[in-house]
Each structure stands twice: as structure tokens, then as C-alpha cells.
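Right, I'll just put the structure down here and ask away after.
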Amino acid sequence: MTSTQPSSMETREVKKKEINERSFIRKLLKNRIAAFGLFVTIFMTIIAIFAPLIATHAPNEMDITHSLLGAGVDGHFLGTDNYGRDLFSRIVYGARISLIVGVSAVLFGAVFGTFLGLIAGYFGGKLDSLIMRTMDGLFAFPFILLAITLMTVLGQGLVNVIIAIGVANIPGFARIVRGQVLSVKEEEFIEVTRSLGATHGRILFQHVLPNCLAPLIVYGTMSIAGAIISEAALSFLGLGVQPPTASWGSILKDGKDFLVLNPQMATFSGLAILITVLGINLFGDGLRDALDPKMKV
Amino acid sequence: ACSGKKSSNEEVSSNGNENATGEPQDGGTLRLGLSANPKTLDPIKYTGVYESQIMRMVSDTLVVYSKDLSEIQPSLATSWEVSEDMKEYTFQLREDVFFQPGEYQDGRQMTAEDVKYSLERSATESAMNRLRGVASVEVTGEFEVKLHTEAPNAALLAMLTDSGNMIVAKEEVEGWGDNFGTNVVGTGPFMIKNWQQDQQVELVRHDKYWGEKPHLDGVTVKIISDPNMMTNALRSGDIDIASDVKGQNRELIKQDTNLELISKSALATVYLDLNNKKGPTADAKVREAIYKATNVEEIVQGVNQWGGAVPSLLPIPKDSWGYDESLEALVPTYDPDAAKALLSEAGFPDGFKTEIYVSEARVPYATIFQNQMKKNLNIDVEIKTVEWGTYSDTVSKGNAPMSIGGWTWYPDPYFYLYQLFHTDQLGALGNGKGYENAEVDALLNRAVSETVDQAERATLYQEALKLILKDVPRIELENTEAAAGITKKVKGFDVSPDFSISIVNPNGTNVWLEK
Amino acid sequence: MSDVILKVENLDVHFRSSASIVKAVNGVNITLKKKETLGIVGESGSGKSVTATALMRLLPKGIGSIPNGKITFNGKDILSLSDKEMRDVRGNEIAMIFQDPMTSLNPVFTVGDQIEEAVRTHQQMSKKEAKKKAIEMLKVVGIPEPEKRVKMYPHEFSGGMRQRVMIAIALSCNPKLLIADEPTTALDVTVQAQILELMKSLQEKNDTSIIMITHDLGVVWEMCDKVIVMYAGNTVESGTVETIYENPLHPYTWGLLESQITKNTLNGDKLPAIPGSPPDLRNPIPGCNFADRCPYAKEICSTTKPQPIEVELGHIVSCHFQTNSNRLERKERVYIE
Amino acid sequence: MSEVVIKVENLKKHFPINEAVPFKKSTQSVKAVDGVSFEVYKGETLGIVGESGCGKSTMARLINQLIRPTEGVVEFKGKNLATLGSKEIRSIRKSIQMVFQNPYASLDPRKTIEYLIAEPLAIHHIGDAKSRKKRVIELLEVVGLSGYHAERYVHEFSGGQRQRINIARALALNPDIIICDEPVSALDVSVQAQVINLLKDLQRKFDLTYIFISHDLNVVRYICDRIAVMYLGKIVEIGTYEELYENPKHPYTKALLSAIPKENPFDKKERILLEGDVPSPVNPPPGCSFHKRCPHAMEHCKKDVPAFVDLGETQKVACHLYS
Amino acid sequence: MGKYILKRLVDLLPTIFVVAIIVFVITRLIPGDPAAVMLGPQASVEDIQELRDDLGLNEPLHTQFLQYIGDLVQGDFGVSLTYNQPVISLIMDRFPNTLVLAFSALVIALLIGIPAGIISASKQNSVMDYTVMVISLIGVSIPIFWLGVMLVLYFSVNLGWFPATGMGTMDEGFITYIKHLVLPSITLATIPMATFARITRSSMLEVISQDYIKTARAKGLKEFFVIGKHAFKNALTPILTVLGMQVSALLGGAVLTETIFSWPGMGRLIVDAIDKRDFVVVQGTVLFIAIIFVLVNLLIDVLYKIVNPRVNYSSGKGGEGK
């Protein structure tokens, strides 16, 4: 390897390195749809963080005499809810709870599910059977029963809402990861790493796991929608976040009783969920591609 | 026989269609929407109101309430007498009553033996104890029975109107065994033809029914558990009567020219229990402060934007003969400033933190209440929405600092005051707030054991009420209306203050469908 | 002229990727006669497969395009055929075998199904006849017990047998031209020998013309009459196998020939190897594509593209220093690091 | 010759075929390696050739104990590896490194080259981050790449470069022996030459011992000192490269040699075309496992397993023709 | 294959056992006394105690557990506390209804989702592709009850095309039966449909770049067959995996849909039983679903084998599609 002139190579290299560092973000932004997803996600996050600045009213301020106003009436941008609270402000504040619940619950399920799936798929045999049979058992459990049990054992509260939804998410992740591990562990580079003397722990977490990420991300971002809506389902049982705290799920749930004559509650909270989920999913797809070093910039 | 104060809010809901014009027409099957799935119609096993709705069509009790619940009327029993010591009730029975033909008998005549069998079965086997205190039933003639009670109980007749005490045929009960619950045979206007679990129960006319011949060929009860969907089903023509109409659906029905909303003041109250034993609310002053800081008007209005309820003041509903308007003055009135002062006096100038337990359906009350407490007293009320099982568990064990409950029963004040304020009921859901007052206990006991005279009993109850109101054990929220939506084809139907659905009833109801 | 079955003139193939255009093939010319075998050699990425795919008009839609060139096959102008007409050509008149027998058979259909499908796509035939044909074809390519084998799935076959199946599919419609894209690269030497023998004998029988793509010169010597040497999308040299072996003119061909290990390569010797790697086809190169790695390169090589010149009859080479008048002197051991 | 680094004796690996029956152990197995013995001397290159599926890779894995043998012994510098626990085995792997066949699949696509080359050091806790980085650059240069490559990902490299990276990884721990499992089979001829040159250089420089697995006889012949020919899990012939190429004894070796394609268009080769495929290792034929394809098969080849016969100092063959 | 199925059936036992234990523990963990719930608000303390005795709830927990397991081993799911009927007959009343709804939802989901995914994949990055993907994302994030109610408002209340609630019976005629089925099936189909579209697309994209697709094209096959036959059959494995998960979920009862449309299915039975603290029904139904779940997975694995002859059960690696 002597033919190329070192000088030109070097300058090319400096450039190359810079590109490498930024390539991840560049790749992401290059994909216009993913960029749009990222934009929506960031936008929603900003709304959540700066809710007090964005909201036009105090989210819990009631005015029963002005309940269920239509959008735009009396300075209420999206109208009011059944207690006369400003719907826009509640949706803005609701972003906090919904995003936290959606993302954390999925993360919770993802962390535990991934761990179990990794172990089951990698070690196989009895351990695999044990873990996966338990997961099957958990999967066969009605979500509601699971939620009621967890919430009553752990008590109510945001954290426990997250845990309850998270637990319900575990088996799905475990399955996806296990399936992926079964194919990744057959890859030659895994054996190569073993031949270097690596421990199982290193192989699992440094090599198998990163190569299982793509379907995980896609499944994970898809699950966020489910988690946000699950929070609403928990609200139906009274197990979600408690009033007066606003969440998209609870607004949606409250709105269902006024769907015909005053659809604004269900419509706007539903739209908020829809847009966010759309954003996160598009972003997730882009993220998967960007994380894949093979995808060209 | 009894007579009582008739007090109904006919003017509030004048749109009952009893006075519909035209000659009743025979024929047709009525489709009735019911909000929950009946599980068993066995009188000693049934637990839910929705079950009794069907049972009432299939079978009869000895006595029934009049349409407005003001008095008890004959049904299978033509007349009755109460002994001096109030421990013996003698009933004369109709002689023209036949059971519906079934698997184990072919429609034989009902006799005193059947009454004895059915009532003793209820008194001894039923876990629900719908015939509390009946010691035995004696057959004193082919069509005469005598009930012996352990202690005087003026509310016995009211209890006898319960579907749990309907008369059934022994052969059928024993023949079906565990499956009797889905194959009930009674003496009523309709009999079960087909039952699809969670879906519908088809009833057809019983041709040898002793009463007025039903106009309808049959009734199909459709189970629709979602109240919004019940209204949708009514609007789309799937059903003729929606038995459970609330909130926005009232408006939807009103707006629909083919439909009619019937709404009437009913024997239903919603109240907010304050824990009388534990926490800051153990102090009556604190309770009073909270009452004064509660804008009941606003809560009722906020929850019922489309009507269907009025603020209530006393622990018994207005339609009960025990109600006394003069007592309303004893109820704390909304006065946030006074409330604030009172709370400071009680040692909580800056408010405190507490919890309120509610089932999902009552969250709106709690939400507005929470807002008022924060605003008026700086009390932080954390809402704990729990589903029913947890709710009843927590509240009956006295573990809820506050809770919101509802109560619906017969017009007899006994069913409101004894169950909710008597020391005997500590540990049950009714007195989960932990109200204890020996004087009240004594008065409540006297009201059922001294006399069956309604007026005398009413006085005793009013005495008790005075004492109760002084202790401010709970906050009265609303008096709920009974409401139903019907298509205009349905004639002769009205809602009942006790939420029972009458299609054909000895009290004079006989619904028909316009062709 | 009538026995010229395929004529490719100045074929260019471009790929559109996200930001740039890859000029994968530039100005390839092919003349192939009936029963003749043409070898295309060159290192990985030099455009061999793309050329073959272009002949079949199977470039990925919307990404690959043929901006220039003319392909005449059996008198037909391939590039102006309708999709339907082209489908009639594919598999019927031109058949193709791919490099990796492990992945080019559909794993979820039986071997028999896949042969039958090929037959029935182009010939009116009942299911039964097609099945008979499939068995017959398996027999032709030397698979024992063909009656049993037609019902089996590809994964139940060894690599060599799968490649035989591929050949059976390709030959089932008696194509006039068979394009074999590295048909033996994935196989063992012993199996390779079997497959090459098989192809030769079948060519003999059916008068098929073959385009044989490979990077193994041994295979070329074994099979081909003519050879095209490709480098980075260009034909750098073409001629008969004998000419290319005895009188190679392009420096790249020299390197290629030298880096073959033969029995004459001594154990102790260092192997000659062309240093460096081929250029990135996304960036246009003003001069000769090989200039970067060429030990003979001069100024002109990096500024001007060399034109193909027919230095002797049928021997064409593209190098600035190999012209009718001029010859470059081949040095010894220049490819040794 | 010099010191014995690896000694393999009667090595067997039978992979059980799990029959899906509850509560029952399987009885059938794939006899991937079926009684192999040989020695590897320090500083030499031992070649192993044979058709696909004959057990070459399995043997490589057995030697560094990636899989445990069913039977037989692998000794490394006199130590019986079978007696070691998994922790000790991991540290033995420092000395026995491997380079695998497929340069495209043997590097984790999600890691940088720096990570990959430093990984063996990290695994064995050698040096700190800084010294590792230095070593990575050193190694990259040793294999003919440059320091600036460290930041890149695998997909940015060509096959030849990837194989260099694999070699750099193998070198990182200063092994005594490198097992190369078809390191150049997937590469272009010209790139092949580059990699082979590199391997030769390194051997000289670091006094390495190689086991070189390949099915390309020309390559093996070029790089190896001694060559073992495998067929169906057994070694059928072993000897120096001169012996084997000039004077092959086993009919299978002969067939293998004759299958090498022509060296020039004028070459006239006499081919011994073998019939059919390698038989299934689940039910290898009795007797000499080659007898079904052997042009010289005799009656007793079908029954008796041929023993190894010494034909001179280094050449041995397992064939009834020579016993 | 027979042996494989046998093995899987044996495998079923531990799953069932795990579920049996968990569900027992859980039902005893959640607060709420079945007796109190059954008797309703007006019950007195003694009434409740009496009923608890009747129901055997005052027995020590381990006795209850042994009793429960003992019954289970004999295939007895117990007798409902509230219905006073054998749990198995409650389940058998409703399971066929669930099956009908689930099946028709699945058919809709497959018939629309899969072709959408295929088209999307074969026209990657086209407007068509983006449209399908966005619609399918909307599909997974749309709240079921919202959709259900909207469908009813429009198609039942406004147009009167379909009944708003309930399940028809065959006695009322086939057309009526189907009419009852339409809205609930569409509602229930939304999420699976969107999921199928997505998974089909990604799976197809992976397959389309394979060599054998090139082979199929080189044969001169019509693109329709290349995609619809060669590519699709190979893309089926992950689709089957998702199918398995969806089928299990659907058969377990689609609570929301069933509630909205008053469909007499498993979901409502379970939720009702949980509400009423009818432990026996909860235990029975959950176990039943677990069994269904395992059986569906078994069926899916057998299907893997049918669509993909490479799946090898003996190595123990089969089943879990990539």
C-alpha cells in the first residue's frame, strides 16, 4: 500500500473524521421524513417543557358556567372542557404527562424485555424456556387485570402508571429481542469475538444488543402510541393520573361523553396523540436507518 | 294498609307519556336496552338492579309499590293484616294465579305452599337477606299465609316488594338446581323464551297471567353496557327504550323528534362522606367548615350540564315520605368566609392534605369539589379513583378520609337512615364514614319496632335526622332523576322513582307499541 | 454476420444514489457469436454483473439507467422492446445463472416448482408435461434420482447440486445465450470442475452462446474463446483468450495475470499484487481509471481518457501507451511491493 | 523439526441432532470431525484442505475450544485444554487466535475499527485506553492500513482491508499461533495476493505459527509447509507441500489436484472427475469413507477403515492401496 | 412434525402452570371482597361474612390453592361466584362470539393490510408508499372507542345502514348477522391492519433485495408473480409472527370493542368478572386464554413450517421468525 500520496490522503482524512462525528445527525436530517418526525417530536417536547409559558390559562382553573365552549370562543383557543377549563392549556400541560408516560413506560418495558429476551435468546435451553414461558403467561394476561393488580399493590401515582404500562410491554419486547438474538448470535462476528476470549456479558451487551437495535427501535416507537393510549385506558378504570392533572388520555376519556355535541375535547386530544405518535414513529424509522452504519450518508 | 305523603316532582318532568292519546294496540315486541348483563334471575342469588328488572317481568311478589311509590298495593296478595305486636303479618292470596309452564310443571296453580316455600327460601338461604328478620312462614289456608318475624319491623312490606321475594315454583327450583338462575319460572306477565348471555333475553307473553292481559307479545331485553351506545342504539332504532340516559345523551334524545326523554325525580341521592373517625374530619367543626366551603349548586350544575339532577339537602330523597322540608334550614349553607374561619378555629388555618375515594363514574363531582376545597380552604384533596371492588373495600373498612357514594332504595326512610347512620352498620359500605351516635341509634330502632304507622314513623325519623344534621357527618350533593329515552311508538311507559322498569305491572302499567 | 448473436455497442450504465450518480459501466462493447464463450474478468466492483444485468434489462427500476448504448440480440434491439416483449426474451432466449447458488434459488418452493415455472412461463405446457420436463432437466444436469429430487427444497441440496438446478432452470427453454455470473465462485474446486464440464457439454449439445463472468483467470482459460478485461466500469482490454494470455497489453491485465498463483509460483516468493484499490465511481475521473494504481502512469494518464484501439485483429486495448505505433515495455516484478 | 505447539489426538466432534421428542435424548449425530490426529510445529504453516463440509472449520473451532470435543485431546504447548475451565480457556485464547473466512461477516458492523482492534486488549485487560489506542495505530500500520482508519466503520472497507483488520485483531494479543479459516477465499485474486503477502510477512516478523485452512490448492501450496487433506471428518493424507503436489498418494488428493483449473489456455489437463457429492456426515459410509467415489475402490475398502501408513519421513496416507 | 406438536403440547403445561399460579396470587392480592361486591352497597357486615363462608373464601389460602389446582388437574375450572354456573360453560357461551368477531376482523386486517404493505414495498419511497405508511401510523394511534363511536354515529345513527350494537343471530337471517358484524369488525381490525401493513412492507423490502428475486425476474416472470408469489411467500414468516400475536390478543377478547358494540365476547366476561371480583371466572378465563395463546402459537409455528420448509424444528431454533 504505497501508491497514494500521503499528503492528499491526510487532508481527506481530516474531513472524513469530521463527517463521521456529525454523520449520525446528518444522516438523520438527510432523511426528510425522519427530520420531520424529529421536528414534531422536539416540538412536542418543547411544548411539554415550556407548558407554563405556552399555556394561555391555568390548566386547572374552572369556570363551570363556561363549560364546553367551542374552539375560539371567549379567548379559549380550543374551547373549554366540561368544567370550563381552557382546553388548549390542558392539552399543553397534558403533553408533559403523556410524553413522560408514553416514553418511560416503553423504556421500562424495553429495558426489562430486552434484558430477558437477550438472555433467553442467547443462552437458549432451559433458561429460554423458563423466561419465554413466563413471558407467554404474562402476555396471556388481560392488561386490565395486570394494571389493577399492580396499581393496587404499588399504589397510585404517575410512577406506578408507568410501571403498570411498562410491565405490560415487557413480553412484547422480550419476544422481538429474542427472535433477533437468535439470528444475530449466529453471525460470524459473534464467534470471532468469542474466539478472542470475550465473556458472555461482553458479547451480549457490546455486540448482540447493538445489532438487535433496529427492530427494537421500530417496535419501541410504535409502542409509544399504545402506551399513551393505555394511560387513557387506565383512566377509564380510574387508575391513570388523577384529576385535576391533565393528560391527553384523560382528556380523551372525558371527552368521549361529549363526543356528539361537543367534540372538541376528544378531537383535539386525539389529534395531539396522533401527531405525536406520527412524529415519534417517523423519527424512529429514521433513527433506525441512521444507527445503521451501512446506510450511506 | 299504609298511606303516606305523596310528594313527587311531576312538574319537573312532565314529559312522561302516560296520557298518550289513542286506544292501546295489542301486539309487537318491545326492545328494551339494559345497561348490564343479568347473571342469574334466581331470587335468592340475584344481586343487581338490572337483574330485578327482568325478574319483575317474569314473576310477582306479594305486594307492589304504587306507581309513584307512595303506597303499597296488592299484587299476589289481595289484602294483609299486621298484628298488634307487629310480629305477625297475615296475607290473603289471589286464587287465580298460575305459574308459567316450565320443564318441571305445566303451569299449575299457585298456592300458599308456594308462598311459604319461596319466602322461607329467601329468608334462610339468601345471602342477600332480603327478608331480614322473618322467622317463619305459616300456611294458614290454601290461599292464606302468616309471616312471623323475630322482631317488629315496620319496613317488612317494603321488603316484600323486592324481586328477591318473588314467588317461584318448588319443582322448578329443585329441578333445575344450579341452573334455575337462567331458567326462572314465575307467575308474571312474561316468560323467558331465550337467553343469550351478555347479549339479550327474549321474553314472551304468559297467556295465563292473572292480571290485565299484556298488550305486548313479548319483550326483548338487549344488554348495552355503554350508556352512550345505548342512546345511539335508541337513535338508530335498535331499541325502543333506553333505560339509562345521562349527560349529553339527554340532549341528544330531546333533539331527536322521533324520541322522547322521560325524566323524573327519583329516590337516588349522591353524597360525600367525610370520615367521622379518623383524620381532620373526625372533628365536626372541620366537617362543617368543609360543608360550608362546598358549593353544592356548582357541583350539581357542573356535573349535570344537561339536567337530570337537583341539589339535595337531606340524607333522604325528597320523594320519600320521611322527607321534611323544615329540616333543610339546619343544613350548612355555602359561605366560604365562614368556612375559612371555622377551619382556622378547628386548628387548620392553612388547610390540610387529604384524599377522596371515588369510583370512576363520580370523578366529576370529586374534581369540582377538589377545586372548591383548594380555592376556599386551601385543602389539598387528592382524588383516588378506584374501581368498584377497591372502592367498596376501602370505604367500608373506614380507610377513606372522604368518599363520594350514591344510595338508591325504597321510599322508606329506614333504607336510608338505618343503613347509613346506624352503629350496626359500621364496617359496611353504608356507614364507612364511621358515624356513631347512640341517640340516633335508639331513634332509628324505635322507628321500625314501635309502629307501622307511616306518620308516626316519619316523626321518629325526623327526630333522628335533626341529630344527624347537627353532627354534619356528610355532605349532601344531589338528588338524581330517573331518566329513560323512548321512541315515540312506545306508549304507556314511565320511569319509576326507584329506577325499576315497569312494562306490565299490577300497579296499572301496561305498555304498548303504536304500529 | 448472421451468426453474431449479441452485439453490444458503447453501453453505459448509471446508478442514481441519494446524492450522486455512479457511472458503473462506461462504453462496453461486446460481439458474441453463436456457440462462442465470452469471458468477462475484472476485480470486484468493476461492473461485470451490472453489464450482465443491463443485457437482461433487469437494472433496479428508478435507480439504474442506460443513458447510452445499443444492445442487439438475435436481430432485436433489446433496449426498445416493450416490457412484455422483454419478458419473453428473459429466461427464454437469454438465461442467467448467478454467483451464489445458496441464495439464488427461492427457498420456499420446491426445486421442481421452480423449473416448471420457468418452462411454463415461456411454453404452452400442461402441469404434467412441465413436471416431466423438470425431471428431464435434472437428469440432464446430472442430478441422480431426479424423480425424488424434484419434490425437494433447495436447502436439501448441496451447493454444487443447487448450481446444477440453476443451470437446469436456465437451460430449460433452450436459450440462445446463457449469462453465467460467477457460477462457480462459491463452489469447491472439485465441484467447480464438475460444473464447468457440465456447462461445456451442454453448450456443445445446444449450440448455446455463453457469457462467463468470473474473476478467476483459470476459469477463463478453461472455458472461454474470448475475454473482456474490465476495470472500474471500463473495458481495458479484449481479445481471444490466447492473445490475452500470450500478448496482454494493458498494465492492469499484466497485474491480473501476475497475481494468479500457479504451480510455478515459488513458495518463498513474494506474490505480485496490484497495490491500492479501485477508484470511487461516484467521483468522475478525468483520466484513465487505472492511473492511480498503474506503475507505468504518466502525466497524461490522470488528465485524458485513453480510447480503445484495435491493436491487432480482434485485440482491443485502452491505454495511452499501447497504440498501433507505440508499445509499452512490460517490466518484471513491478507489482511486487 | 522444532517444538510442538499444538498436538491433536484422535479428536472427534459429533453434533447431536435433536429429535423433537420430549423426555428423550437424541441418538443421531453429525460426525463433523471423526478421529483426527496431527501435530503443529513452531513457526510452520500447516495447511488443511478438503471439500466443503469435511470438517475443517469444526476442527479450527475445536483447537481453540470454541466448541468442546466429543472425544480426544487438544494439547497446547503440552497443556491439555480439555482439563481447563472456561476462564482459563479464555486466557488460552490469547495465544491461539483465529481469522475467519468471511471478511464481510466477521466484523461487527456497528463498531469502529478502533473499537474492534482494541477489543482483544480490553477483553484481557491489557493496558489503558491510551496505550490501547497507540497499539491500535501500531497494529493498523503493521497490517498495511493507517491510523486514520481507526475512526471508520467496517462497511467503509473493502474485503481485503477487512481481512487486514481481522488479522490486526488477531495480532493484538501477540499470539503464538493463528488459525486462518479460509482467510482469502472470499477475496479477489489481486487482493488475495495482498493478504497472503501480509500473512507471510507477519509470520517472519513475529515468528508465528499458522494453521491455514483453504480449499484453494494453489494458495495452500504457496503458503504452507505441510498440508493435511481432509475428507469427511478424517485426515486422509498429510505431508509436505512438495510431497503432496509432486507425489500425491491418496486417490482423493489426486482428484483434488486434478480439479485445479487450467493455468493457461494451452494447458491440456487430464481430469479425474469425482462422482457425486461428499456423503452425509450423519451416516458416513463404512470402511474407507471415500470408497463410494474412489476410482480404485476395492472390496475391502467398503469394510475396513484404512490405517495411516508412513510413506517416508513426513508423508502419511490412509489408504488401502498402500497398506 | 407430529413429534414436534407433541413436544409443544407438553411445553404447554409449564406455561399453564405459571399462569395458574400468577392468576391465583393476583386475584388474592387485589383488594375487594367478592362477597362485598356481590352483595352491593346495602349489605351488612354479617351478610358479607355469611356469603364469604358460603363461597369458601374464609378457608386458608393454601387450602384454596390446593383445591384450585386439584380441580384444574381434573380439567375443572370451577363454578362462578356470581353466575353460579360452571366457568367453562360461561366461556363456551362467549368464545364462539369472540371467535366470529376476531376472525372477521382478522380477515379484514389481512385483506387490506397485507396488500397495502406489498404495494408500499414494491413502490418504495413513492407517494403511494408514504400514504400507506402514514395511514397505517394513524391506524395504530387512533383511539378505538373514538373510531367505534364515530362509525356508529355515521353508519348507524345517520345512515342507518348497520345496527349500532349487539350481535345478530342466524335466526334473524344471514344478512342481519353480517350487518351486526360489520362495524365491530372494522373497529377491531384497525390496529392489526396497520400493523400488518407495516410489517409486510418491511419484510417485503428485505426479501425483494434477495438473489432469488433476481432469478425469478430473469426467468421472465411477470412482476405480479415475482412480488406476489416469490417475494411474498418468503416475507411471510415475520407476518406470521405478528399474526400470532394479534390472534392471541383478539381471542383474549377485545374489551373496548366488545363494550362499545355490546358484543357478547370473552373480553367483557373477563372485565365483568374482575369488576365483580369473581375470582373463579377470572382464573378460568385467564387460563383459558393462556391455553388458546399457546395453541395459537403452536399453530403459527406449524404454519412457519408450511410456508418455510427451511424451518427446522429438531434443532430447536425454529419458530421464532426473524
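Going in written order, the chains are labelled A, B, C, D and E, and every chain counts its residues from 1.
We take it that contacts are C-beta pairs under 8 Å (C-beta built on N, C-alpha and C of every residue); 3 or more make two chains touch, one makes a residue touch a chain.
Labels paired with UniProt names: A = ABC transporter permease; C = ABC transporter ATP-binding protein; D = Dipeptide ABC transporter ATP-binding protein; E = Nickel import system permease protein NikB.
Not measured: the values here are computed from a predicted model.
The chains that touch both chain A (ABC transporter permease) and chain B are E. Among the remaining chains, B is positioned farthest from chain D, on the basis of C-alpha centroids. Chain centres computed from CA atoms place B at the largest separation from chain C. The two chains most heavily joined by C-beta contacts are B-E. Between chain B and chain C the centroid-to-centroid distance comes to 89 Å (mean Cα coordinates, whole Å). Taking each chain's centre as the average of its CA atoms, chain D and chain E sit 51 Å apart.
Our note on geometry: chain C versus chain D, Cα centroid distance of 31 Å, whole angstroms. Residue positions of chain A (ABC transporter permease) touching 2 or more other chains, listed in rising order: 1, 148, 152, 256, 259-260.
Shown for chain B are the residues in touch with two or more other chains, namely 228, 387, 390.
Those residues of chain E in touch with two or more other chains are numbered 11, 30-31, 149, 153, 274, 316. Here chain E touches chain A (ABC transporter permease) in the complex through residues 11, 14-15, 18-19, 22-23, 26, 29-31, 130, 134, 137-138, 140-143, 145-146, 149-150, 153, 195, 198, 202, 241, 245, 248, 252-253, 255-256, 267, 270-271, 274, 282, 286, 289-290, 292-294, 297, 316-317, 320-322, going by the rule given at the top. Residue ranges of chain C in contact with chain E, taken from their complex: 56, 58, 87-92, 95-96, 98, 100, 103-109, 117-118, 121-122, 153, 155, 166, 169. Across the complex, chain E is touched by residues 37, 39-40, 42, 45, 47-48, 127-129, 178-179, 181-182, 196-200, 222-226, 228-230, 232-233, 235-238, 387-390, 392-394, 396, 405, 407, 409, 415, 419, 424-430 of chain B. Touching chain D in their complex are the following residues of chain A (ABC transporter permease): 1, 9-10, 13, 16-17, 20, 187-189, 191-199, 202, 206-207, 210-211, 291-294. Residues 30-33, 35-45, 47-48, 50-51, 54, 79-80, 82-85, 90, 93-94, 97, 149, 152-153, 156-157, 160, 163-167, 169, 259-262, 264-265, 268-269, 272, 274-277 of chain E are the ones that touch chain B when the two sit in their complex.
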